[in-house]
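One structure is given here, and the rest of the page talks about it.
Chain lettering (A, B and C) follows the sequence in which the chains are written, and residue indices restart at 1 in each chain.
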Amino acid sequence: MTAAEAPAAVAVVKERKRPSLVARLPTSPIAMTGIGLIVTWIILALIAPFLPLPPPNQQDYASIAHPLPSAAHLLGVDLKGRDILARLLWGARTVLTVAPIAAISAYAVGIPLGLAAGYFGGKIDMLISRLGDIILSFPIIVLYVILIATIGPSFLNIVVAVVLASGPGIARIVRGLTLEQRHLDYIAAAELRRENALYIMFVELLPNCRGPLITDFCLRVGYTIITIGLLGFLGLGLPPPDPDWGTMVKEGTAMISVRPHMSLFPAIAIVTLVLGFNLLADGLRELSLKD
Amino acid sequence: MNDMRDNPHVKVLAGELAEKKIDRREFVRFATLLGLSATTAYGLAGKISGESFAPKAQAQALPKGGVFRLGNRIKEIKNPHTYSWGAYDSNMSRQVVEYLTFTDEKGVTHPYLFEKWDVTPDLKTWTFKVRPGVKWSNGDTLTADQIIWNLKRVLDEDVGSSMLGLMAGYMLKDADLGKKDDKGNPKKSQVLWDANAIEKVDDSTVRFNCKVPQVAVPEHLFHYPMAILHPDDKGVFGVGSKGTGAFELVDFSVGKQATFKRRNGYWGGDAALDGIEMTDVGDDPSAAIAALASQQIHGLVFADPVQYEALAAMPHLQFYSVPTGETQVMRMKVAEKPFDDARVRNAMRAALDPDAIVKVALHGLGRAGEHHHSSVAHPEYAALPKRPRDVALAKKLLADAGHPDGIDVELNVPTDLPWGQVQAETSVEQWKEAGIRVKINLMPGASYWDVWTKVPFGSTIWYHRPLGIMTYGLAYRTGVPWNESSYSSKEFDDLLGQAEGVYEVDKRRELMAKMEKILQDDGPLAQPLFRDTFTFMDKKVQGFSMHPTNYFFGWKVGLQA
Amino acid sequence: MVAFVLKRLVGLALTLLAASFLVFVVTEFSPGNVARKTLGAYATPAQVDLLYQRLKLDDPLLVRYGRWLGVLTGILRDPLQDPDLKLDFRDPRGDRYFGNFGYSTLFKAPVNDVIWDRLKNTALLAGIAFAIIVPLSLVLGVLAGMREGSWIDRTISIFGIVTTSIPEFASGVFLFVIFGFWLGLVPGTSPLTTSAGWSIASQLLLPVLVLVLYDSGYVVRMVRGSMAEVMNKPYIRTAILKGLPHRAVVTRHAVRNAMIAPFTIILLQINFLISGVVVTETVFAYPGFGRMLLEASLSKDISLIEAATLIALTIAIVTQLLSDIGYALLNPQIRLS
């Protein structure tokens, strides 16, 4: 690139002044399919209390002998005579609360650590990276199972486990992104202005890392949903009797050869929601690569 | 040996049978306990009640050959005298090492390695004859000395066998042997109450001289840790261990598989099967179903109600079940708020609908409990007036106890038995209607057993025991180690003490009725069901019957080609 | 290079040390203690208290951790094997040797008797899965990435996203219902014994399929992304413009360069595989390391958890090391430092 060309290049970039990632979402069919799936589940979860459904924990003793889908129970009932549709929708409320909160909490921990490691470098970087490496070398499920089997399954503990398991990974990504930006002019400029370190990290650096982080966030929410389902399947799900998708799959497996619907519907629920987040993530990545 | 028909207890029992105070089954059960042979007892029963009655032929012609494959958990089996699972570990070793008596699926105790016995009228001196001609797998002959070695070993407190809990009351006493614990404080020991408590009369006769009367000695001898091992094996069991049983263990891999081969020269006649292969099917109830569906195994040691429907749908399987006293007791610590108020405990009971819980948790494979932990499977069970579910009463009781807005409590539930979880969840829904808000805290079985005697509110499995008073003595007597609710009632203790000295079922039932009522009015438990234990076996399997404690006997079984 | 490997090995030892301490701390939060687990549910409180005192379980955490380390390295005797305890815990290797992981309270056997056989079974399962995942993902990833936006690319990408969205526990359960229960083609469980008439191969089929489905979707997308990126590089464009046949450009130039990034990812799959293995082994009652680890965690069998974690960590870290070395070999511009 010669000196003469440089201003022109800048001008071109200015001229294109690309619309934000979010604004360009409608151009990606993959991302839109993902959003469609997620939004559908969010709407279903929101309207669950207003639908003419039995309470999710209510047992219809009469229906136990005839658990298949019927007019009274559109998706049938489970082993305990509870309406599967009601449990799916109420379960969606749980999973759509726990998974994003857990992922956001993991970011709340991972971002500052990653920024600090990348921005300050040196001993701080050493300490944070080493600690993160140790946790990251654990096979992740081992970490989850040991943690949850030990501290017990609950809303809060699942969040804690996700933070512990995902935090270091997020920190590593943020650190990498920070290192890329660390030596760019705008940081030097900010330092020259004597902005404090917190300001530089959160106001200057962070917004420039957001692209890859948004994609990563979607993937992580999807993975967290799988993890919550997995914990439920391993018998470490949220405490009963409140509906938990993974536990629903698990409880149905004993009956699966005769009553496949008991496991199938909750399994479909997990897959569609995770698929929604994975498609959205893929669409976002595709869009950001086109920059 | 005197003719046991002259035993005064047998006469009392016969009188009760004639007056229809007990049924034939109960008569046979108690008469055999006292040393009457089962055949004589059945004959006598027929005579008294005027109906002919013959025991079902035990030895039917079984097809010979084949390897039986059983789905089980392959737990460690090294120390039979200290087993704590029963259904898993003892079902492996019992194919090789055997027991002195045999309690069948109907609750009747038969002679086994002890060929016969009698007891003095005061129920304190039990004399047992060792079965002649029983050979160990190494060719040795079974002797009284070997049996006494086993008996003394399980009663040695350092060994840590749960036989102690059963037999301490009539065989042991507290003593100060000068032992100190690690902090240097003097420690009480338990030793045989008398040097002659276990007496060798001659090479084929063993006598128990009990401290206090005990009616259930032969049944205690069938408890799963009471396996008779060859003293040369020093209490350790494994591949190649000597046994008196019909099989020998040829291969063992913990968590995976145990393989048994038929041994020739078994005293009971050679087994029909060539061998038995037990495979670990894991804790996941669906893995066991899958293994049965693919015919990888012929049957399961026992099945859980959640597996029932899937297994019942497979045409190649046969269903076996038996009623028992097995239950999960949702027990409340009486010293903890809010359970320190008997009205609260009563409200917990009144708000439950046992029939509905049996339907949901057991798929109907059991019967409703009456919150007093005494089952129709026990001989001394007394029927009390029914107490139907009464939500209004429960609310009123709570209000009277100062909880007009209901209560919030946490129920600890172990996860190892799926039906127990279903019982808990169903109960929680029913309690909710009475303003009793219960949060369930699930924990893996291993964690629950750490805290089962400590948590304020917990759901504890109690397996079948042959007599109702055995359960009461273990769980509700003041101060005993397994009294998990810290329940204490002098009236109850007195009644229980009396009942343990009474052999007439009818008289004991009167006492039982009083104890049951105390538990219903004041007790520490909500106990909505008793389950039938059951399993499924391939239709090729012959001769199998379900045992209330899930025991499996390879010599009883044959396989159709 | 030697210095680099040495340095990493020291790092490995330090990581293992830190991780084992972490496991110790985490299990510390749980109720109950080794004494109770050793004696079982029906032991009296007095028996438990006695063993508790003899094992000195009320010592501070650090002291107990030090003791555990001592037993592991063969400096101290395994306290559970003390004959005075009358537990009959015996290890044929003795009570003091290097690599003594102690006694499993779950299996009531030396950890070394329990763990290696299962690890071998898992290595078989994971090895076969890995041997399928890698070539399959490479081929699909390259096919998709070399013509970005084509229908092949779209199909493969969607397939990849869908399979990574299906958790192993769901695919395992439903694959069994279809192929095992309805069609009767494969057995429902995989005990790895042949006495019931099912071959070992038929028992491995579904577990391998479950692992392959879940993990390959992820790798395919990585390879595809990397491939697409390389195909957009100026030197590839130049080669195509120069008139070289498309196929030659792909095989001679693009693939090698596109492999660098996924190489790391593929080796990191070992870590993912271990996670998948826990679920798969549980669903199919496979006698492996993953199911053992789950059972150990559920029953808080600390000796077994520690041993399993250290082994899993070692595998993960060694593969990381291999991936770093391989990365350097593939890409000479990177210097190992």
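Here, a contact is a pair of C-beta atoms (placed from the backbone, for glycine too) under 8 Å apart; a residue touches a chain by one contact, two chains touch by 3 or more.
Note that this is a predicted model, so its numbers are computed, not measured.
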Centroid-based (C-alpha) most distant chain relative to chain C: B
Central subunit by CA centre of mass proxy: C
For chain A versus chain B, what separation do you get between their C-alpha means, in angstrom? 49
If you average the CA atoms of chain B and of chain C, how far apart do the two points sit, in angstrom? 41
Distance between the centres, which are taken as Cα means, of chain C and chain A, whole angstrom: 23
Two or more other chains in contact with one residue: find those residues in chain C. 30, 173, 181, 282, 298, 300
Of all residues in chain A, which are in touch with two or more distinct other chains? 149, 235, 253, 256-257
Show the residues in chain B shared as contacts by 2 or more other chains, in ascending order. 284, 286, 289, 293, 444
With touch defined as at the start, can you tell me which chain C residues reach chain A in the complex? 15, 18-19, 22-23, 26-27, 29-30, 157, 161-162, 164-170, 173-174, 177, 181, 221, 225, 271, 274-275, 278-279, 282, 293-294, 297-298, 300, 305, 308-309, 312-313, 316-317, 320
Which stretch or stretches of chain A touch chain C in the complex? 133-135, 137-142, 145-147, 149-151, 222, 226, 229-230, 233-235, 246, 249-250, 253, 256-257, 260, 263-264, 267, 270-271, 274-275, 278-279, 282, 285
Along chain A, where are the residues that touch chain B in the complex? 57-59, 61, 64, 79-81, 149, 152-153, 235, 239-241, 251, 253-259
Would you mind writing out the residues of chain B in touch with chain C in their complex? 67, 69, 75-76, 78-79, 82, 84, 158-160, 162, 165, 181-183, 235-236, 253-257, 277, 279-284, 286-297, 444-447, 449-453, 481
Mind pulling up the chain C residues that touch chain B in the complex? 30-33, 36-37, 39-47, 50, 53-54, 86, 88, 106-109, 113-114, 117-118, 173, 176, 180-181, 184, 186-189, 191-193, 195-198, 282-285, 287, 291-292, 295, 298-300
